[in-house]
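Once you scroll down, you'll see the structures, which are given as structure tokens.
Each of the next two complexes has chain A plus one more chain, namely chain B in the first and chain C in the second.
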Partner chain A sequence: MSAVVSKVTKRRSSVLDMLRGSPIMGPFAALVLASIFFATQSDKFLTGANFSLIIQQVMVVGTLAIGQTLVILTGGIDLSNGMIMALASVLMTGLAVQSGLNPLLAILIGLLAGVVFGLLNGALITAIGLPPFIVTLGTFNIAYALVRIYTTATITNLPAEQLFLGNTFNIGGTEITYGSVLMIILYAITWYILRSTPAGRSVYAVGDNPEAARLAGINTTRVLTGVYVVAAISYGIAGLMLVSRTGVGDPQAGQTGNLDSITAVVLGGTSLLGGRGQIMGTLIGALIVGVFRNGLQLMGVGSIYQVLITGILVIVAVSIDYLSHRSK
Partner chain B sequence: MNPSPGKVLFEMKDIGKSFPGVKALQGVNLTVREGQVHALLGENGAGKSTLIKILSGAYTKDEGQIFFEGKPVEIRGPQDAQALGISTIYQEFNLARNLTVAENIFLGHLPRKGLSVDWAQVKQRSREILDTLGVTFSVDTLTSTLSVAEQQLVEIAKSLNRKTRILIMDEPSAVLGEKDLEKLFDVVRSLQAQGIGIVYISHRLKEIFELADEVTILKDGRYVDTRNVSEVTMDDLVKLMIGRELKDVYPKRISAPAEVLLEVSNISRPKLVHDISFKLHAGEIVGFAGITGSGRTELVRTIFGADPCTGDIRISGRPYKPRSPADAIHQGIALVTEDRKAQGLFLKLNVTVNTTISGLKQLCRYGVIQLSKELSLVEKMIKDLSIKTPGANFIVVNMSGGNQQKVVLARWLSIGTRIFILDEPTRGIDVGSKSEIYQIMDELTKKGVGIIMISSELPEVLGMSDRIMVMRQGTIVKELSRAEASEEAIMSYAVGSEAA
Partner chain C sequence: MVHRFASHRSGRIIGLACFLVILAMLAAACGSAAAPSGSAAPTAAGAAPAAAGGDVTVGLITKTETNPFFVKMKDGAQSKATELNAKLLTGAGAKDGDNEGQVTALENMVNAGAKGILITPSDTKAIVPSIKKARDKGVLVIALDTATEPQDAVDALFATNNFNAGLLIGQWAKAAMGSNKPVIATLDLAPGITVGAQRHNGFLQGYGLAKADPNSSDLVTSPEVVCAQDTHGDQTEGQTAMENCLSKNPDINLVYTINEPAAFGAYQAIKAAGKEKNITIVSVDGGCRGVQGIVDGQIAATSQQYPLKMAAMGVDAVVQYAKTGVKPSGYTDTGVTLITDKPQAGVDSKDSKFGTENCWGTK
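Coming up: the complex of A and B.
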């Protein structure tokens, strides 16, 4: 009898071990299981066209979540990201359509506006030592106000140069947008930087223990400022994706970008305490949300129930992660 | 000492506990009597913490039995332990820093009078408990304003308020200076006189002889023996713990005079460090002795560029102005901090990241870390320093103190550090790992490295240093040669009682 018991404990702990060993195994398993479930519920789910659609649907939040992941890895949080995205997108479209600027130059200025906000976030956090939550809550409101001061009307009739990320190419009969590809490329670049460069290591080190990082010779001010700036660039690119996907510059956009991106990060197994997490986990987290929304939609479940299920999903996922770490 | 042992309070028999991949405890016994101080001894990783966590309900045992006053009991959680009267004082205190002393003592069970809290009773009862401990500070004091020693007393008061019958103290002396230590011993003896059974964990063998009645030794998660303290010698205990003689702990050092590596002139930092000058030669270990707060840590932090200072520093004759730790590291200086966990390590990250974080540039090609080169470097360090770890990917939080310290040393060794500053290099580290760290220090000096060692353990200062600087109130009050130095001489200068 006791032999049976110990066998069971052993098996249980080895599963937990595996999850602990590779932090994105859990989210990945969830994504696969969810996909299998929805494939049994709808014939349309398991098609190339549908997967292409899911990626397009998660593209904007997925790209916002790249910056959010970097910030969270340093132990911070960025509430301003959706608004930085909105500011970048109305500026790039507005300057092109209303001020007649070269559309590509307008894109650049939109991205630069994001960078300015990234610098502002980074400077306030490092120079004064304010908590990221407070700083980005402030810049969230500032960016929101700037968007509405700049325009309250949706900017339409965009030049083709600003819509190219929405263009598609064909692989094996499936239409894929350039924006989807760009998001995947951005994830790959971020993964590589985090894994194989001194800067990437510094992000983890500062997130785990800022004082130890400083005493190990890391310029923590530069790392943190850098992270908020790089994050802001990802928000600007998300803005361009948004524009190309909707075809307009929308002053109402981005208001839930912060929470949606945090959802993806958390579902991907990244710790809100900093220092622990994987960028590819975030991509999986974003896809989990996308797969659930898409699958539920195919099943005819109303959109408010999709939100309900997303909420439950977050709590379940974090509980599993928490329990697997506490069980030792 | 307790001449007539009281009746048995509790008995742990054949306790076993496994974690994934590790057998942490196997066949461990522990019997504690009323009014007895029972020392638990073992190297880091020997299983002491696991054992007391089982007793206090933080872990559940896999095997074995626990008897409380002869009756078998199951401790499934902290509540069960509390109901039995088992209290634990961990190294990291469990105090609400923004509450008063009285509020902390009654935290979780404030007495009621009608709908509101009976504050009069809280204060009066807190006062009574503090009085029994010989404590003078007010019960209205904000806990965060107390010294570490005082906070420890609040922890003890907290447990007394809960009708404690067994008090587990996990290295209570590790955070205390000499003076506070005596006070702690008095408190422990008075608790003993009240019939409380005390499980006392410490790395300092001297304390065990001063305080304990019995000692149980663990090694590698197994039970070694339980002995009467009056019937063993220090050497016996060391042998039981590690199977090695005490006299082998310090390497025999031969130092030859060599060129000056570091010259510090008139360094000051307002209120903390005053006008300090000294030289460090290649191949030399300079020990810095002094009581807590004498400015030793503050001094080395300024040399390392972690805090600002005025004065003149030269490295191999060239002027050096420390602006940041990065500057200091670039000049070949390393600081191993006294608080490994808070300032040295990235606890949630693995051995590799912890080892190479300060030397990534050397591992890069075109700005990219060559991961295979990095891994072979880390594996070499693991082998060279005999770091006990399942692998380079192991998260350091799960390693023992001694192995964690070796990881910190590996970080600095791997980048060719010429000046090592070691602040309490063996604090909280077992005798076996200590000896290994001394060996590493000795090897380093043979290669021409200069070492500044801050230590509050006088045997260590005497055993390792070529010269000893005694600091008091932010200044060097005396330099002693190896021949002149003795524990008495160092202490008399450190506390300022030296004959004029």
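Coming up: the complex of A and C.
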């Protein structure tokens, strides 16, 4: 009897060991299984056009989640990201349409507004030592208010330069948007930086143990500030993607961007405790949400069940992370 | 440290593997669609039996999943779809105002081969470019309940005349107030949303306090309106707004509310201030809970609208289009009835019994 128990325990811990060693195997398996399931349920699921569509539908949250992953890897959290995105997107569209600015210059100003917020987040967290949760809750509200002060009306009739990322090119009959490609390039760059540069490794080090990182000679203030600024740039780019995807500057956008991006990060196996996680996991996490939403819609299942399933998956993902952490 | 290094390495390999798999997915996406000139055939094949009379796919996209108004709409669409042997797909935004969520549902339904899509736009301007993309692919798009801006961005609109709904409660309020000088609070929806402006403006015009363009999305006002607040049609926000209005001007005696949840919130605030005998609340919607508010004397009058009818007409129109190729066009008024237990001379109304029999939501 006890032999059986210990065998079971051993097997369980070896599964956890595997997940600890490669935390994105679980999410990846979930993505593949879900795709296989939906392919059996709808003949429209496993088509090039549909996969291209899913990637296009996750590009905004997926790009927001790049910044969120960096922040979470340092042990922080960013509640302001969706509103920074909204601010960047109404500024870039409003300045171009209403103020007649050069559309590309307007995009640049929108991105810069994001950077200012990134600096503000980073400075408040490092200089005063406030918790990221509180700082970004504050900047969430500030950015929300600035959006509403700037405009309450949806900005339409956008110049072509700002819609470019929503345009498509054709490979073998499948339409793919430039925005989808840009998102994947951004993931590839982030993956390379995190894995192969000293800057990337110091992000993990600061998240794992800030004190040890400091003693090892890492300038934690610079790393943290840098992470919030780089994250804000990804939010600005997400803003441009949103604009090109929907064809408007929308002052009501981005309000759930923080929770949606945290969902993608957590589903991708990154630990909310900091220091552990993979950027490609986040892409998989975002795709899981997109695949369920699309697949259930094709099956004719109400979207409330997609919310239900996302909730269950998040709890499963965090439980796996917690158990593997504890057993260490 | 050793462990960290090991996981670092295996992480790198797996990261690379995943990246390659995603690229492969994209490539497969292209590959599987490499025969798409052929795979356009299924779509055409899908259309053929539709023309024969069965298996039409209809999409319904509401603002939210949970609001009883949209639940009723879904019921209406589902029973009509079952009756006509059509397949119904449903979708919604995560919350009111979630444009991107509606865009996503729209794209998924077009991909699923929907012949027509019925939508209650959350953001009346922002949804327009996405609707255009769907129509360009030959999908019939009908707006339910809420008009797009511009209105002709869709093939047809089946909706309550919201200006009329406001007009009715305005006329009723004027008659009910008699010689009392009105001191008005308006608990509105949100800036820039047409429905909110139409009801508000209709109310003020019905009372004879202002003249308004029935299609404008800008709120008109008059000196009698001493307080105007946005509630997003939410009960809690309605309560807060009313509390603020009462501290701004304690003499308020007439409250216009965008919908019944906002009206109940207002009633809570008014009751807490002990003014429920002196203040008249009027509203729009005619949901079952709202009509109960009329029975209980919390709301004095409400304009009842008919979401079930909108959706049923919408499904019918899509199936007709699939069979005959004839598209509906323009605006169809799905009607509105003033519900009150204090009828006034010169204003047509029905009592709360009629209201209960015809309401939407849980009775």
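Here is the rule we go by: the second predicted complex is superposed on the first by the 303 of 328 C-alpha atoms of A that agree within 3 Å, B and C clash if a C-alpha of one lies under 4 Å from a C-alpha of the other, contacts with A are read in each partner's own complex, and residues count from 1 in each chain.
In this section, contacts are C-beta pairs under 8 Å (C-beta built on N, C-alpha and C of every residue); 3 or more make two chains touch, one makes a residue touch a chain.
Here the structure is a predicted model, which is why all the values come from computation and not from measurement.
Considering which of chain B and chain C touches more of chain A, the answer is C.
When the two structures are aligned on the shared chain, A:176 is found in touch with chain C, with no touch to chain B. In the superposed pair of complexes, A:100 makes contact with neither chain B nor chain C.
Of the two partner chains, neither chain B nor chain C is touched by A:129.
After overlaying the two complexes on the shared chain, residue contacts for A:154 are found with chain C alone; chain B is out of touch. Look at A:242: by the touch rule set out above, it reaches chain C but stays clear of chain B. Once the two complexes are overlaid on the shared chain, A:215 sits against chain B while remaining clear of chain C. Across the superposed pair, chain B and chain C both touch chain A at residues 195, 208. Residues of chain C touching chain A in their complex: 4, 6-8, 10-12, 14-15, 18-19, 21-23, 25-26, 28-37, 39, 42, 65-66, 87-92, 94-95, 97-100, 103-105, 107-109, 111-113, 123, 125-126, 128-130, 191-192.
Chain A makes touch with chain C in their complex at residues 20-25, 28, 42-44, 46-53, 55-57, 60, 152-154, 156, 171-174, 176, 184, 187-188, 191, 195, 208, 242, 245-248, 250, 252-253, 255-256, 278-281, 283-284, 287, 293-294, 297-298, 300, 302-304, 307.
On the side of chain B, the complex with chain A involves touching residues 19-21, 62, 304, 306, 324-326, 328-330, 335, 337, 342-349, 353, 356-358, 360-361, 364, 367-369, 371, 411. Every residue of chain A that touches chain B in the complex is listed here, in rising order: 6, 9, 13-14, 16-17, 195-198, 201-202, 204-205, 208-209, 211-219, 271, 275-276, 328.
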